[in-house]
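Pasting the structures here.
Note that subunit A is present in both complexes that follow, paired respectively with subunit B and with subunit C.
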Partner chain A sequence: MSVTHDARIQVHKPASTAQRPAVRGWPDINNPAAWIVAVILLIMPLIANGFFLIEIFATTLILGTIALSLMFLAGYGGMVSLMQLTIAGFAAYMVAVFGVSGNANISLGWPWWLAVPMALTLATIFGTLGGALAVRTEGIYTIMITLAIGAAFYYFTNQNWAIFNGHTGINNVATPHFWGVDWRADIPFYYVVLATAALCYFAVEYISRAPFGLALQGVRDNPRRMAALGFNVNAHRVAAYAVASFIAGLAGVLQVWNYRQISPGSVSVGACIDVLIIAVVGGITRPVGPYIGALVFVLLRTFALDFLVKIGLDGNRFRLLIGLGFLAIVFWSSDGVIGLWQRWRQSQVREENRPGGGRGHG
Partner chain B sequence: MDSVAQRLSAVGAGAALELRGVTRLFGALAALTDVTITVRPGERRAVLGSNGAGKTTLFNCITGDFPPSSGTIRFFGEDVTHFPPYERIRRGLRRTYQISALFPGLTVQDNVYLACRGVSRGRFSFLRPGQNDALMHAADGLVQAVHLTGVKDQRVAELAHGQQRQLEIALALAGAPRFVLFDEPAAGLSPTERVELVEILTSLPPHIGYIIIEHDMDVALRVVESVTMMHNGRIFKEGLPQEIQSAPEVQELYLGGGHE
Partner chain C sequence: MTRFVERHPTWALIIIIAIAVALWLISAVWPPGLEEAIGRKRVFLNALFNGITLGGLYFLVASGFTLIFGLMRNVNLAHGSLYLFGGYVGYAISASTGSWILSFIVAFILTALVGVLLQVLVFRRMEGQDLRQTMVTIGLSIVFADLMLWACGGDFYQIQTPSWLIGPIELPLITAVKSSGDPVYLRYPLVRLVIFLASAIIGIAMWLALNRTRIGMIIRAGVDDRDILAATGVRIQIVFVLVFALGAGLAGIAGVVGGTFQSLSPGEDIRFLLASLVVVIVGGMGSIPGAALGALIIGLAEQLGSVYIPTYAIVVTFLIMVLVLALRPQGLLARR
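Let's turn to the complex of A and B:
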């Protein structure tokens, strides 16, 4: 009955171990709703016009990916970082600075396939250094430090003319053309954005069940115990910032291609907080949450103006609607829209199971 | 006691754990004062004392959760006084917590898997474990050893108290432990669960030594061969379980009275 002997003898458990990775690792595979969403996203250019394709869906996917990087840190690591938009903005600036733009005195004119890896590398380094500062603190202090980094970057871009071109920013940023395709044309760009967002989404979902992601969730639940199991907790946290920075950097590259310009307004403190709102409204417990939050945010931002004008209010009050929606969701569901959805699904399932009795617990 | 002597001689000489003059201050309060203890490899020892005697602080100094204010700590001859906790754990030290310190958002299996991963390579791996992953199998074995196989896919937050205490022990036995610190493992367990606990402790492989903090003398004295008594952050008596059980100080400590 020795414990460690049992650990070696007891090797074959085919039934339970075999099904675990497939089913629990990729919950989407068994979810018909996920397949429907995937198909709709793939055939979107057939249904939506250019405005919807880019202004609504591509923008949602870009913002959602930035919020995904926050979800990765906050949902799995318990670290609320307000600098994820700043990192995306930094990557966007770097694409403009190293690549080709209308500001020839600033841009170095590298081809996009050199400028983009450079921008991603620098953004990852930037975010990792910021993370290394932030992991020395917990809770509200992490929020304060990352917000301070975001605010400092915003004011720096406003005042620095040599690299960031001050408050006018960098305009007419070139977008990639190759294989005879203008990749910023609506339909190709939509697919570039969709592919990047899907890559980030599945990467986050995959990592969440890999040793690194599990350890990150362990750090979230009980950092002290993680140290008592042999983990270097701070190193794990910094590594999580590196991953999140890379994801945010990818979204930043897409953002600068989307608008073809980048200016301090895009990295303002308000925009940093928007990312937090997006992630919380959607739900930070699962990677799909940030995308749902981003869709709600973009729809409100785009249509609330017309709606408010129609009912006789000032159109610029669309933030009021977002704020009220945020309040309502946080009040009713601490894990956002997906939390509401999951609870509704569970109540449905419970009602179905009631006559036959619930599943047994082995 | 012959088997104990055989077991200890088999694991060799030297000290598993050697504390010299360890003191820990919290502000002006001395939680530990000049504690010197030597524990041989494979030795099993109980630390007894009233609340506030410094028992858990002693554990925290040994694992590095709080570094000592002065003194040195050696683990199998190596000076680990200034090592962070994870470096000590990777060298074969383990501990459990008085109040279960688990990962409530993860399943039982994932908790134990993390414990196995923490003391092996690939802590930062981005690759999911495959179906024949050795650590996954090791985790399965540990889950079974503490009788939790039936609930291994449940989230820890949903477990009963007794099950959480058993998981607490499983986490401390992952990998190749050389020395374990058990902090009140029987706290809140039912009489049946206490019997299981004694069985788990006595059936540990002989080379694994431990220190156990335990208020239940029935559990504590049945699973150790030596006892250290602490009071007000100091050691005031060391001896065999039989000696300690009949000592007047112990009678006083556990059967009412108690020094203030």
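Let's turn to the complex of A and C:
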């Protein structure tokens, strides 16, 4: 049955087999490693200074949340959408347009608690409409249509001066300031980001086991059969886009608060593809993958220059490094770093027990 | 043709009226009221011709893309990189030898060679895994873009137009009538017309080759059902390599054309990748006539849009794509 739908299934097949035991309960509760990571993340401000806290960890969590929305669509829905960053960027633009920023002639000056829900609503609508377009076609076309949407948005923000302020973008976006706390100060902002990321992470974990998520995974594996069982296939897909858009929108709001500005450069096609790279490198089979991928990506982006110079190469070849790493992951492990880790663990635990079942269809 | 008119009488009527209006706009001397409403006729004709010639360029890029997809189900997102690579090669050749024609030949051969290498070394290993192939092409496009940035830097390059093609040519189209009663004819760059003619010839040759030759028959059969074709004893891997070489080579030629028309710089690869994506989505994946129609529509929309509604030119292109997806998700001329 799967031969005809191999376009979408190929990548996820090992996923579904590897995941089956984990589907039954909250998998992280019994895992000591997960508790350790949670505690480390909570006490991070004691360990890391401002630079690491914001430039590495907060950025990782924001990028990871955007990639999480892609992972949700790709891993559970079988739809690889390249417009998740575009949706995040749209939300960021909307925060800047409705809220307070340095460009007084564009920004409407609403308080943040009005601007943010507005931005989230609009971003969700935008993403849902884009998704409704994308689900009109199957599998591999989704990549192309969402890439076209992302690229069109990028060129549009470059050309439009009335709302998006052209290629200079919108600067000096105001950040929330209430209860006597400046929420953009390093430590409060880190906790805001951490809370949002955790919320999104657990929401995705929960949805993946809720009836909607299970139906979505059924749609991924065999849309025809699900349609025959009475499920509305397209409605499930569009709803998945809506959920993913909301998650991406949340991350977009955090992103604009992080950098305090938004410009077309942040929604460029290259950045859209970076999100795919993050998700794939981390692994699109489990929600934790995007965060791992984001950490690898941010560390590389921050330190590759110094590292390359140190070993005597041109420091500007960071993207080459990223591209080659991505190629290697796609070639050898279709479910990213998690896949490598799982395979290594499995080979440690029971070497005789695997008659090639967990092999990543090379 | 008659079948289409019988099946969709309203659409046929709309198309005929649109063509008639377009022909009248092109050939007639515009009455003053019209000139007041939408500007000078010269501007309109220039935008129209720019759109058509840009469509020719888009067709060159997109036809290779759609051919590769049609046969191998491989969405080659590195196609824009092949375009840029061809352009840089063409620039290097024309700058060192001074021969414009030679730069086309070398660009075609070298990009075709890259295409062959890609097919043999990379895509053959993951046949039938569409998504993985696409991801690999994304990775390759990043690597290629950075390698080309390394080798060529971030500068703009423009390929020198040969001296026998420089300068405008007078077309028998009246743009306005002087007060003395003399007609003013449209002057248009010769090189763009020549390139458009060449791409039209390439398109027709491809269509003939696909529909009238044995190898074309094999390719069409492969588009319809690859497995049965292989089962009949055709050495399908050789066909794959040939088609990939042809598609990549066309992208290389398009790179030289684009380098002459416009300019070459990092980022152009993404632009032309987007253009070919939209063109094939509009025209229909895997269809050469579809690529031609899509390229014409997108080229015209882009140029007319940038003249008449400058801020929203890109939105027009995008809206066309949305409209096609909403009404005919498989594309205008696809069979499926």
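FYI, the second predicted complex is superposed on the first by the 327 of 362 C-alpha atoms of A that agree within 3 Å, B and C clash if a C-alpha of one lies under 4 Å from a C-alpha of the other, contacts with A are read in each partner's own complex, and residues count from 1 in each chain.
Note that in this section a contact is a pair of C-beta atoms (placed from the backbone, for glycine too) under 8 Å apart; a residue touches a chain by one contact, two chains touch by 3 or more.
Remember, predicted model here, so these are calculated numbers, not experimental data.
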So in the superposed three-chain picture, is A:Trp341 touching just subunit B, just subunit C, both, or none of them (first/second/both/neither)? neither
Would you check which partner chain A:Tyr191 touches, where first means subunit B only, second means subunit C only, and both and neither mean what they say? neither
Taking the superposition as given, does A:His236 touch the first partner, subunit B, the second, subunit C, both, or neither? first
First (subunit B), second (subunit C), both or neither: which does A:Ile273 touch? second
Does the superposition put A:Asp221 against subunit B (first), subunit C (second), both, or neither? first
Thinking of the overlay built on chain A, is A:Leu147 touched by subunit B (first), by subunit C (second), by both, or by neither? second
With the two complexes superposed on chain A, say which partner A:Tyr259 touches: subunit B (first), subunit C (second), both, or neither. neither
Can you pull the subunit A residues that subunit B and subunit C both touch? 6-8, 10-11, 361
Going by the contact rule set out above, which residues of subunit A touch subunit B in the complex? 1-11, 13, 16-18, 20-21, 24-25, 206-207, 209-212, 214-215, 217-218, 220-222, 224-233, 236, 239, 361-362
Which bits of subunit A are touching subunit C when the two form their complex? 6-8, 10-11, 80, 133, 136-137, 139-141, 143-145, 147-149, 151-152, 155-156, 159-162, 269-270, 273, 276-277, 280, 314, 316-317, 319-320, 322-324, 326-327, 330-331, 334, 361
Which residues of subunit B touch subunit A once you look at their complex with the stated criterion? 63, 65, 84-86, 89-90, 94-95, 97, 101-106, 109-110, 113-115, 117-119, 122-131, 136-138, 140-142, 144-146, 150-154, 171, 173-175, 199-200, 203-205, 208
Spell out the part of subunit C that touches subunit A in their complex, as residue ranges. 73, 75, 77, 128-132, 134-136, 138-140, 142-143, 145-147, 150, 270, 274, 277-278, 280-281, 285, 310-315, 317-318, 321-322, 325-326, 329-330
